[in-house]
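When the chains are written out, they are named A, B, C, D and E in that same order, and each has its own residue count from 1.
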C-alpha cells in the first residue's frame, strides 16, 4: 500500500469517526429536547447498571430465607420490606432486574427477526407467498395467546425458558404485520424500482433495501412491546408457569405477592413499582426512538 | 437506438382490465432526444417503464440497440437503458449514503466494488466529492436529482429514460438540472427519452416530441414546430394554448 | 359491484374455512402430543394402571393420532365437538355457558375503553405536547404496565370492601343466582327479558368493576392508536380546508376527522375486542367470573383436549370473523374502497 | 349479606370434575355428594367420628359378614330406598374401577368378586361379606365413605349408556336420597343444592346451599368479611390467620388425618441411601415453615399418625440440624452434596413449602431445582416414578392410626413390573417388605391391644428406615366461618352435612 | 347595500411569522394592501407564500408566532380577533382555496355534504336548503351533472372538477377576500385555464379581492394585475408588469424558465450570492 493511499484511508477513518460522532451528537441533541425520552433512557441505563452490579448493590442475598423476619414492612434495614420467606424485597428486585432484562431481551431477539423476516418476505414477494404467510400469521394471531403459552409450558415443563419461547411464539405476528405493511410501501418506491433497473437480485433488494426501511418501526414497536412481555410473564407466573422459585423474577414476585396484598401491601406493590417504572421507561424510549429513527411517524 | 412497435400495456384482469397504452409505435435514433408530453394518467410513465423493463404487462416489440428485448432483461440489456425518476425524494434510498447509492449499481451487477467510481460519478454531475458521505436528507432537491442522474450514469448506459426529472423542482433548480442533462448529452452522445407534462421543458430539451392522449400518440412535433407553436392536432393545440398562457 | 362483493365474500369465506381447518389441526396436534394426561384427572390419582387403560380406551385415546383426528373431524362435521372431560357435558353446552359470560364482560369492557379511550386519544392528539397529552399518555401507560390481577384486587379492596360501590366477585349476588332462566346466557339481557330488575341491577353492580379494569388495560392501546391516527389526520390539508371554511374544532373533530379514522379505529377495536374475547383468565380468576378463559385454562391443566380444541376453534372463529367484519367495515365506511373496481 | 335460609360457601371448584358418587374423590366433590346422597352409616366430628346409623337403622356383625337393616326412606325421585340399591351401588363402585374404588380394593373387594360378596336377602336387608380378614370397624368406616353412597338404581338404570353404569349421566346429575338435590352445576362457577322437602330426617333448615367458585383467596376473604359468603374453605394460610382473631368469625381447623409429604424417589442413587434420606429429614425447618408458611394448614410431624390419635408414637428429633445433616451426607459419601429436582403442584401452600425446603436443603449442600406443574402433570410424574423429590398430600380414610398409616406403610411388591401406581410407597420405589407385612397383620388383627403393639412397631420401623415418603406436616383444612352459621362442623374427609345448619340474623 | 371601500379590503403592515424552534423568519416584514383586484404572489418553494396566506387567515399551527403592525380586514383587526370571530370570518368573509383537491377535500364525505357544510355554517340554512344552495353553487362553477356529482366522493372526480368543487365550497358565501394558494399547480395544463377563468369570474362578480399564490411566474403575470415577488420570506419586488422587474432574483427567475419562443442553449441559473448581496444592500 502506498503512503498516499494510507493517508487517504487514515483520513477516511477519521472522517468516519467524525461522522459517527456528529450523528451521535445530533441524536443526543434531539433527545435533550425531549426530556421524557431522556428520562426513559436514564431509567433504562440505571436498570442495566443495577442488573450488572447486582451483587455489589444488593444489601442482602435474594434467595436466603429468614423465616422469623417474614413480611416485615419497609424500614431502614429492609428498604422495601421482606416477603413471606423473610427475603429482602429490594435485593430480590435488584437481582430480578437481571432476569427481567434477560427475558425481555430474549423475547425481543426472537420475535424481532422472525417477525421482520416473515413480514418483509410476505410484503416483498406478494402473491401466493404473501397470502400463505399472512394466513399463517392470522392463525397464530387467532390462537388464544395465553392458552398457547400454557400449552407450551405444559409441554416443555414450567420455567423461564419455556415462558420465553411461549411468549415469543405468540409475539411475532404483530411485528410481521407491521413489517409487511412497511414492506408493501417500500416495495413500490422509486429507489427499489431503480435498484431493479440495475439488476439487484431479490435477496439484495430484500436485505439491503427493504428490510432496513422496516427496522426502525419494528424497533419502536419492540420497545413498546417490552412492557407487555413483562406482563405476560407475570400472568404466567400467576398460573404458576413462569419463572420457578426462588428466582426473583418480577412477574413471579408480584403474582406471589398478591396473596398478601391486603395485609402486607409492599410485597406486591414493590415489584409493581419496578415493573411500572421499567415499562414506562421502555415506552418513553420507544417514543423517543420513533422520533430519532422513524421520521415518517415522528411526533412532530 | 430504440424501436417500439405496437406496444400495448394493460393492467388488471377480466372485467377490471384497463388498457393504458394502445398500440403505440415509435423509434428514437442514436443521440436523439425524444419528448413525450401529455396529461396526467395518459400513459407516459407506463411507456417509459416498459422501455426500462420495470413493467411486465406489455405486449408488442421493443428493441434497444437493435436487439429485441424481452420482459425479463438480462444484465446486458439492463445496462443499455437507465432511468431517472420524477421524485428526487423518493428515488434514493433514504438510509444509504451517497457513496453507497452510487456504488450500488456496480455492486449489484457484480462488476466490482464500485467505491472507486464514486468520485468520478459525482464530479460528472458537478457535485463536490465531499457529498459522498452525506445522506440524501442532507441534500437539496436539485442535488438529489443530480445524484439520481449520476447513479443512472454510473453503469454507462447509452439510453437515459427521464420521467419528469424536474417537475418536483423549482424553476431555478430545474434550470440547473436541465443544463446538466443537456451538457451530458452533448459530451457523451446519450439518447434521451424525456417525459414531461411541461411543454416548455420538452421544447427546450427535445429534438422531437410526441403528444400523448389516452394511451395513444395524437401528434408529433419537431423542433421547429415546438418553437413556432405549430400543431397538427386539436388536442396539442389546446395544450399549447394553456401552457403559454 | 354487487357481484364483485359476493365473489370477494366467497373467497374470504373459503380462506376462513381453510384457516379454521389449519387452526383445528394445529390445536389438535398440540393437544394430543402434550404430556398432560386427562385420564388421571378422571379416574383419579389412586387408580390402578388397568383402570387407566380402560378409561383411555373409552376415550379413544389409545388410537393412533390420525385416527383420532379423523374421528374428531367426522364428529365435528355432525356438529359434535365432543364431550368435555372436565365436566362431562358436551363441550358445546359448556361453551354456551362460559362464552356468554366472557362475551358480556368483554363487550362492556370494549365499550368502556372505546368511550373513554377514543376521546382521550383524540384530545391528546389535538392538544399535543400539552398537559392533557402527557396525562393521557401516563394514564394509559400505567394501565398498560400493571398486571390486571393487581388492579383487580386493589379494585375489590377499595370499591367493594371499602366503599361498597360495587358488587363482589361473581356475576350476581349469590342469593339471586338461578332466578333468571338463561336464554342468551348474557345475564344483563336475560334479566331484562325476564323483567327482573333486581337481578339486572345486581348484575350491573357486579360486572362494572371487572369491566372497568379490563377496559383500563385495553385502553392503553386504543388511546395510543387513536392519538396517532388523529395526529396523522391533523396534518392533512382537508383539516385546514375545513378550518378555512369556518368549521369549529368540535365540528372538525367529529364531522371530519372521526369519519376518516373510523376505519382504522374499527380494526384496532376489533383486535382489542378479539383479545378480550379470548377470555382474560387472570381477571376471571380474581373476579370468580365463569368465563371461557378460566374454562379453557382449567381444561388445559387437566389435559381436557376436547374442551381446549373446541374452545380454540370458537375463539379462532370469532377472531377471524371479527377481522372479516373489520374488513367489511372498511369497505362499507371508506368510499375509496367501497368502489373497489 | 346472605339470606338466612341460604348457605353460601366460597370454595374452589377446580377439582370438581364428576358428581358420580362412585367416581368423585376430591374433597369439594365429596362435600356435595355428602349432602345429596345418604350412606348406610356415617361419622362426624361432633360425635367423635364414631360410626353412627344413617340409612341403616342397625347392623349385626358376624365372623364373616355384616348385615345392615335399612330404614324406610325415599330417593329424591320418589323411589323407595331398598337393599337392591345398596347392592347396585357397591357393584357399580367396583365395576367402574376408578381411583374411588381403591379403599375397597385394599380391603380385598374387586370387580370380579363383588357380586358374590354383597347381597340383598330382602328389600330392607343388606349383607356384605368380609373378603379377607378386615376388621369390622375398618369395613364400617369404608361404608361411611362418599364412594359408598347409595344411588337410586331405578333412576340410574334408565341412563345407562353402553355399559357405563350410568356414569356419564351421573357425572352431572344426582340420584340420591340425601337432604339436598342438585339444582345447578356450572363448572368453575357454582353448585346449587336445593332442599329435599321429603327428606326422611325432616326438611332441611336451609332452603338452598350454594358453593361458589372463588379461586382467589384474597377475593374470598373480602367476600367473607363483607358477608357475601358464609363460609370460606379455600383461603390461604395468611388469610385464615386474618380471621383468627377477628370478631364475628370463627376458624374451624379440621384435622384430616392426612399429611403433607416429601416423597423421595428411592430409585435414585443418592436417595436410595437411608442415611441420605435421614439427612434430608434433618435439614428441614419444620417449625419455622409451620409458623410462617403453612400456618393453620399444618402441624409439624414426621410420624405418619397424627400426634393426638390413639396409638401415635412420639416424634423423632428431626428438624433443621444442618451440622448433623452434613455429617450424615459426608458419611454417605456426599460431602459436597448433589443436585435434585423437586416437583410440586403449583398451589398454595405446597409451592411455598417447596421454596422453603429448597432454601433449607441448600444449606446442607443439596441443590434443589423446583419444577411446578399442574395437578395432572405432577401426579403423572409421581405415578411414573419420574421425579427426585415431590410434595404430595395424603388423607386418612378412617380416623384411626391404621387409617393414617395406610398410605405410608404398605408396598407389597416394589418391582417396576408391578406397576402398582395407585400405591403411594411404590411410587417412591421404597421397598419395605417387613413393614408391609406388619401392616397386613395389624389390619387383620381384631384384638385391640395386640393391634396397638403392631401399630407402634410399624411406626418405629418406619422412622428407623429413614422414610422415602417423609411426613412433614399433619394436614388440616382450615375453614373460616361467619359466626351467623350455627352448627357447621368440618368433617375430616369433607363429608360435612349441612341440613341441620341454621343461620342467625345478619348484624 | 353600502358600496365597499374598494381601495382596501386587506391591509398588511410589517407582518412577521416565526415558527417555534426556528430562528429564521418564514415571513419577514411583509406589507401590502389589497383592494378589489387580483394580486399575485410568486416566489420559489419555501419563500413563505403559503405561510403568508395562512397567516392572514390565521390558520397557522400554534407553533407559529404571528406579529404585525397592522393586519386589517375590511375594518376589523385580525390580529386582535378571537378564534370565534375568525371562525365567523373564515369561509364567510374570507376564503382560502388550496392547492390539491385530492388532499384538501375530505376523502370520506360526499361532495354534496362538504359544499353544503359551508352553506350550513355561514348562510344559516337547514339541511335541505343548504343542499339546494350547494347545488346552485356547483352549477355556477359549471359542474355538469350536479345531482350526481353531489353524491360522489372526492376520489371519484377528476382533479379539475375537484378544484371547482373547492372553489364552489369556498366562494359560496361570497367572501370579500379570496386567497388562492397554488390553485392550479396540481391540475393538468389543459384545465388550468378554465379554473383560473372561473375564479376570476366569481371574484369580479362579488367585487372581492383575490390573492393568487403560485410559483409559476408566467401564469401569474398573465392573470394578475399586480405581482409581489417573495424571496426568503421577504417581498423583494412589487410589480405590475413582469418586464419591469428590477430585482436580480425576479430577473433570474424569469430567465430560468425555458421559453420555446426564445430558445437558448443553456438556461440561466440563479446566482444566489449576488442576489443575497443585493438583498443586503437594499
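Going forward, a contact is a pair of C-beta atoms (placed from the backbone, for glycine too) under 8 Å apart; a residue touches a chain by one contact, two chains touch by 3 or more.
In UniProt terms, the chains line up like this: A, C = Peptide/nickel transport system permease protein; B = Glutathione import ATP-binding protein GsiA; E = Peptide/nickel transport system ATP-binding protein.
Small disclaimer: the values here were computed from a predicted structure and weren't measured.
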Set of chains whose contacts include both chain D and chain A: C
Query: Listed by label, which chains are in contact with chain C and with chain D?
result: A
Message: Taking each chain's centre as the mean of its CA atoms, which one is most distant from chain B?
response: D
Field: Most remote chain, CA-based centroid, reference being chain E
entry: D
Query: For chain B and chain C, what's the span in angstrom between their mean Cα positions?
result: 54
Query: Hey, how far is the Cα centre of chain A from the one of chain C, in Å?
result: 26
Field: Geometric centre distance via CA averages, chain E-chain A, whole Å
entry: 49
Message: Where in chain C do residues touch two or more of the other chains?
response: 35-36, 149, 153, 157, 285, 301, 303
Multi-partner residues of chain A (at least 2 other chains): 154, 239, 258, 261-262
Field: Interface hub residues of chain D, defined as touching at least two other chains
entry: 218, 222, 374, 377
Query: What residues of chain D sit close enough to touch chain C in their complex?
result: 2-3, 6, 8, 14, 17-18, 23, 25, 97-102, 105, 164, 168, 171-172, 183-184, 186-190, 192, 210, 212-216, 218-220, 222-223, 225-226, 228-229, 374-377, 379-380, 382-383, 419-422
Message: Quick check on the complex: what are the chain B residues that touch chain E?
response: 39-40, 170-172, 174-176, 178-179, 182, 197-201, 203-205, 226-227, 229, 238-239, 241-245
Message: Going by the contact rule set out above, which residues of chain A touch chain C in the complex?
response: 36, 135-136, 138-139, 141-148, 150-151, 154-155, 227-228, 230-231, 234-235, 238-239, 251, 254-255, 258, 261-262, 268, 272, 275-276, 279-280, 283, 297, 299
Field: List of chain C residues in touch with chain A within their complex
entry: 15, 18-19, 22-23, 26-27, 30-31, 33-36, 128, 134, 138, 141-142, 144-150, 153-154, 157, 228, 231, 274-275, 278-279, 281-282, 285, 293, 296-297, 300-301, 303, 308, 311-312, 315-316, 319-320, 323
Query: Which of the residues in chain C come into contact with chain D in the complex?
result: 35-38, 40-52, 54-55, 58, 83, 85-89, 94, 97-98, 101, 149, 152-153, 156-157, 160-161, 164, 168-171, 173-175, 177-178, 285-288, 290, 294-295, 298, 301-303
